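Chains: A, B, C and D, in written order; residue numbering restarts at 1 for each.
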Amino acid sequence: MTLTASSSPAVELSGISKRFGAVVANDGVDLVLRRGSVHAVMGENGAGKSTLMSILFGLVTPDSGQIRVDGSPVTFSSPLDAIAAGLGMVHQHFRLFESMTVAANVVFGAEPRRLGLVDRRAAEARVRELGERYGLEIDPRARVSQLSVGERQRVEILKALHRDATILILDEPTAVLTPGEVSSLFAVIRRAADSGTTVVLVTHKINEVLSVSDEVTVLRDGRVTGRFSTGDTSGAELVHAMTGRDVLEVSNQGDVTPGATVLRVRDAVVSEGGVERVGNISFDVRAGEIVGIAGVSGNGQHEVVEAILGTRSLARGSVELQGADVTGWSVRDRRAHGVAVIPEDRRGEGSAITMTIAENLTLGHHRTAPIGANRGIRRGWISLRAQRARSRELIEQFDIRTPSGQHTAGSLSGGNAQKVVIARELSYGAPLLVAEQPTQGVDVGAIEAIHGRLLDYRTAGGAVLLVSHEISELLALADRVLVMLSGEIVAELSRAEATSASIGAAMSGATAPTATATTNTTTPATGVRR
Amino acid sequence: MQILELSFVAAVLLAATPVLFASLAGALSAQVGVFNIALEGQMLWGAFSAVAASYYTGSAWAGVFTAIVSTAVFSLALAVGAARWKADPIVIAIGSNLFALGITGFLMRVLFDVSGSFSPRGLQGLEKMRWLEGIPVIGPIFAGQTPLVPLALVLIVAVGLWLKFSPRGLRLRGVGEHPEAASSLGINVSGYQFWVTIAAGALCGIAGAQLSLGNVTVFTENMTAGRGWIAVAAVMLVAGRPLWLPVACLGFGAAEALGFRLQGVGAPQQLTDAAPYAITLLVLVATRIRFPARRASISTESTP
Amino acid sequence: ASAGGNAEAGGDATEASLILITPTAIGSNNFLQLASDGAEEAADKYNASLDVYESEDPASIQQNLDAAIREKPDVIIGVSFSVLDQFTEAAIDYPDQQFLLIDTSAEEPTENLTAAVFKEYEATYLTGVEAGLLTEKNNIGVVASLDTPFLHRWVDPFFAGAQSVNPDVTTGAQYVGGDNPFGDQARSKAQAQILADAGADYIQAAASGGNLGVFEAASENSVAAFGVDTNQCLDSPGNVVDNAIKRVDVALVESVGDILDGTTGGFASYGLAEGGVSLTGLEEGVADSQCLIADHPDVIEQVTAIRDQIIAGDIVVEDPLTAG
Amino acid sequence: MSAPPEPQVLRHPLVRLARVAVRHPVVVPVGAVVIAVLIGAVIIAAAGLDPLTAYAAVLSGAFDPDTLDYTVSVWAFICGMALVAAIPLRMGEFNLGGNGQLVLGGLAAAVVAGQSGLPPLLAVPVAILAAAVLAGAFGAISAPLATRFGIPIIISTLLLSPVAVAVVSYLLRFQIGEKGAAVAQTDRFPESARMWALGDLSYTNVGLIIVILLMVAYWLVDSRTAVGFELRVVGANRRFGAYGGVRVGRLALGAMAASGAVAGIVGAIITLSAPYRLTDGALLSPGYTFAGLAAALLAGGRPALIPVTAVLFTVLQVGGAAMERSADVPRQLSDVLQGVVIVVLALRTVVDNRRSGEKGAR
């Protein structure tokens, strides 16, 4: 289905190809962005969206293909060229100077000057003026370090607008926003589009696409698998274009009856710099059940996980593991007592990229048999043979793609790196498993495998706490879903009650299911890559 | 022992000036995210090249100039290694400090055929600002000093303000705080790091020149004798606020001068030697207790 | 070991061999420099070969000593107290090897262990006298490298001498210390400045390489300094009054000569009487020594008198070392 | 995630060349040494001297059978001080306070040894133990300073060291020093409290055995024990360690204590060896601390490499003096060479890190 030209193309990408080693990130991609339109680009993890955007913004040079801006061909060797050509990009991760003011961040690199100095007054005026024009009000003098995630994103957008961007690229802008922030962001996007700005929106979320975009291009494995005008398409159609099939198979049959309580959190409060990140929450997780925690990231879920593991201390409240109050315990003791954690940040927290895969698989097992020993004469010693054997076994079991366990973890692809973390944590056989965004950044096949393992874990009598942004993931796996919003549990839904409508509503703080949420009850479980 | 006398102030300023220049170098490096502990060696090289040039040309200012240029060159290893190749600046610095110690002594032997110290008759030192004599407060403090002494103070304030208010200053600080962010806005991060490291070298050159042609007129083996390390500590102390450097360095100078004077009232030299270091450490601890926010404001993390 | 032939100079082939061992690198340590100069003179005089072994620490002193013994030179010369242990033992273990100690001596020396010690304190006493006579502010001081017993030979006698002629003179001592006590002119200058600020107008410099710093301070204040070991007036004309000179060369040449002639053992002490120490001002050619003392014939007169009393034994200058 | 632009370092010719280099860990140090030796040769030649004679003198000076005994003893001390640097280095920390810890060890040993009366079999062990405890405790101070007050260990060790040195030389001068001596030093220790000899060797004694045992211990701990593993994990990624249950604070405390203790033991060994007394400054003047640090850096903290790299710096140190004696090349050249080795090494390792880091990008 093609579109009837409504307005002239602001940007035309034709035949863009890019490969990284063996991976073909983009393969002959054509993309046409019409001036003043909101163009959504969709696709699973690794489909090539970010790469395409990076190429458009001059961060990556394509192997082949051509870019036209306003009809005339251009070649971007650096973001500078792209900026000069009127493009602006808001990255998946913010790139802000925390210690500086909003104004400083906005004008950085293109400062208004007076007498050769940064004209702060002009800078602040500029921020206010842009703010009013696009509905991005924010205090120019505020320190970024004091801003909320949503406000920070406004600063990012202002940075682009300050450089007179007429083509705005937003790469997964909503992944980290609260529903409220999402809707106000969409308002900004619409306003920008109506005033002639061309907006490219990269996202996984069907409902967002349907609610804000004019046109949609879907990528799979680096190829374009569909172009739609939002008006005459449906969620199901888009999903099919993205995945090439219908929703995933593995799902929780609710066939296990929960046993004893393994984790008991009571009146937990986590505060940071005076701000309450987690406000007084209580919940249990029992053996043989998967409890999901839904919520847009940044609503305290991560802090809860840290508090359970012990890398962060509670301001108030208590954590009980298998009946023992572990509130004051060290991470080491808690792990020994029976908790395993799949962390959100696998590179920064879940692994040491300069060490070997075998060593990465060893941490946490190094004081217990078979690799280590916690009593007897071998206490404190490590058996390298056992270490090698174990890594061979896990690499095999979890199908980690690597020549050998003696290669560095840094040499692994994102998905395989994640498998190393999961393999290590699952192999503790701990009574409690906390899985935080376990499928982020891994491909569909792996997602299914991981989901399968989580279900087996629970079936084997383990207690699982699953933290995810992905409603669908929770629907597929969880026996119960807790919804967190700004540090508090705002809803607890049984399997029966839990629908993407009800969860979405609770996540956004609304009471009734929202219109957009109901339209797609079948979002595939594509984890948000962060 | 007289603390409040202007002569004491002058003594403190004199002792502190080389450290001031060096610490400014360190602070600038820190601003762009390079942990620079090569100050000691670069200062030593600066001191040597200053004396050598002054000896050959017969002009102290030629010495200063040479020190600036040659020390900037000397710092290339660190600049290329740390900025361009992302090598571990600490290891490079330790190496180049050792190198400086060796090469200066070596050259003193092969060029001038002396060991220990080199102060040929007629070696030109920087002239003092005698013309200031007679001016009330200013006179007693600065008349006995070289022009480099006030320059150090002026320079630090200028750089501090430049960092804060000039576009390049803003960008420079950005480079240190969040390199990716800066480069995504088209700033050449490693370029900034490179040139700042070179500039730091030049500053260490001045520091050395002031030491060997200002504080005295002679070059002695290992004459920096730990001053560069004190500068590093000063950088830690001010935690990215260059405008505070004078306070830190003068504080050190005061500690040293005070230590000297304590000998006058019978304090054993062995212990007064330790005063500056002990005091610096105590102040570090105190400031950390006072402003915990500044903790680990400079990361020395490194995996060899 | 060859007792070494009679000492006629001249002739290409060296007739004797000397090895000098210093306790630390000579670096900017005047005293060690002086010793090696003296050794060179001796080598010239007796047409001997000379090797200088610089040590770093006790272990390397031992190592250099062993190396020297393997060389079987006619005389192994050790400088300063720091080599005493090693030399005393070596002398016992190698009775056929001749050893010479400069500036220190063993309690019960063997026949093959000769020693030459200096009475620096006698000379420093005299510079003290000059200071005491010259000072107008009745305030004098000393800047020494380190606060060690040995270096007090340049501190206590200086004050004693001054007080002997000027009872109400006040005194102050400053020690350089730091990472480089024998060479840090910046610190020695600052120390001298402190004395000047405290009102001293005459300062004895005993800071080895650091003396230059003291002289600079002198030139920048209304202060005059005293040098040591050699005529340092030449290093900073107009700022140095006089020097407590020490004829290590003389001592070395004589002792080596004696040993080569076969008269060994015991120890010679070089004081004012023996002409081993003196003042520039008491020697010939004061006039063109560039020393300020040249302008004070009266002072020179009195000092000469006191020198004679010391030689005569009417005045006994106390050695800070033995005084404990 | 967007693809980062290819870092220009990969295009650098030197790097391309280096990427071909073999992967074995020894290759890097060796290469560094070779390059350093060449640079050194250039410097010597530039000074109008003959590089070959100079280097020949260095080697013959170091390996002359007559002095081998001495060379080995120096090697032992450098190995010891290399351990001092290596242990914290393994967890990414720098201990630049070796001097202070060294002299405190000497002090403790001297005080114990001075108290004659201890039976021969006890005196030496007790002295060494005391040294280890005192110096270890002193080294450990830096850990809480880092964890509680965020003062980097590299800074606190640096500032603490001169304080310890000053205190020791004060005590030597005014409290425990020998009366009537011209320099500050203790009395000679009684026979009973002297380092046990090895055969009739005059420099090398049982101290060598002790140091070797220490190195073996470090090698075992590093490669075969949980603590060693945790050290390396924290060195590689602090957050990963904390998440994995490593008590980083305690680990740092232990590492610094061990590091200081080793320094103390080395100080004790030197002090209890000939001439059997503690002399002010004698422990520092040979510069074992920095030679050790250099050796540790060159070995990247790897236990197996330290004895090897230590040989290099021993040769430079011992041979340097010989070179000066016989080839008239100033001994400072050995410092020059050491410096060059370290710098070149730092640049070389980058290339290696780059290689793995670049794989890590995908």
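The working rule: a residue touches a chain if its C-beta (ideal position, glycine included) is under 8 Å from a C-beta of that chain, and two chains touch if they have at least 3 such contacts.
Source: prediction; values computed, not measured.
**Student:** Check A-D against C-D and say which one is joined by more contacting C-beta pairs.
**Tutor:** Pair with the higher count of C-beta contacts: A-D.
**Student:** Between chain A and chain C, what is the separation of their C-alpha centroids in Å?
**Tutor:** So the centre of chain A lies 78 Å away from the centre of chain C.
**Student:** Would you mind pulling out the distance in Å between where the CA atoms of chain A average out and where those of chain D do?
**Tutor:** 46
**Student:** Measuring from the mean C-alpha position of chain B to the mean C-alpha position of chain C, what distance in angstrom results?
**Tutor:** Centre-to-centre distance between chain B and chain C: 37 Å.
**Student:** So which bits of chain A are touching at least two other chains?
**Tutor:** 59, 78, 91, 354
**Student:** For chain B, which residues are shared contacts with two or more other chains?
**Tutor:** Only 115, 226, 268, 270, 273, 303 qualify.
**Student:** Identify all positions of chain C at which a residue touches two or more other chains, and write them in rising order.
**Tutor:** 25, 147
**Student:** Mind giving me all the chain pairs that touch?
**Tutor:** So the chains that touch one another pair up as A-B, A-D, B-C, B-D, C-D.
**Student:** Touching residues of chain D toward chain A in the complex: what are they?
**Tutor:** Spelled out, the residues of chain D in touch with chain A are 1-5, 223-230, 232-233, 236-237, 239-247, 353, 356-357, 359-360, 362.
**Student:** In the complex, go through chain D and note every residue touching chain B.
**Tutor:** Its residues touching chain B are 8-9, 12, 43, 47-49, 89, 92, 94, 145, 149-156, 158-163, 165-167, 169-170, 173-174, 235-236, 238, 290, 293-294, 297, 300-301, 330, 332-347, 349-351, 353-354.
**Student:** Which stretch or stretches of chain C touch chain B in the complex?
**Tutor:** Listed in rising order, the residues of chain C that touch chain B are 25-29, 33, 146-147, 172-180, 182-187, 189-191, 193-194, 197-198, 209, 212-213, 216, 220, 235.
**Student:** Applying the document's contact rule, which stretches of chain C touch chain D when the two form their complex?
**Tutor:** 24-25, 51, 53-54, 56-60, 62-63, 66-67, 70, 80-82, 85-86, 104, 147-150, 321-322, 324
**Student:** Where on chain A is chain B touching in the complex?
**Tutor:** Per the touch definition, chain A meets chain B at residues 59, 78-80, 83, 89, 91, 95-100, 104, 108-111, 113, 116-118, 159, 354.
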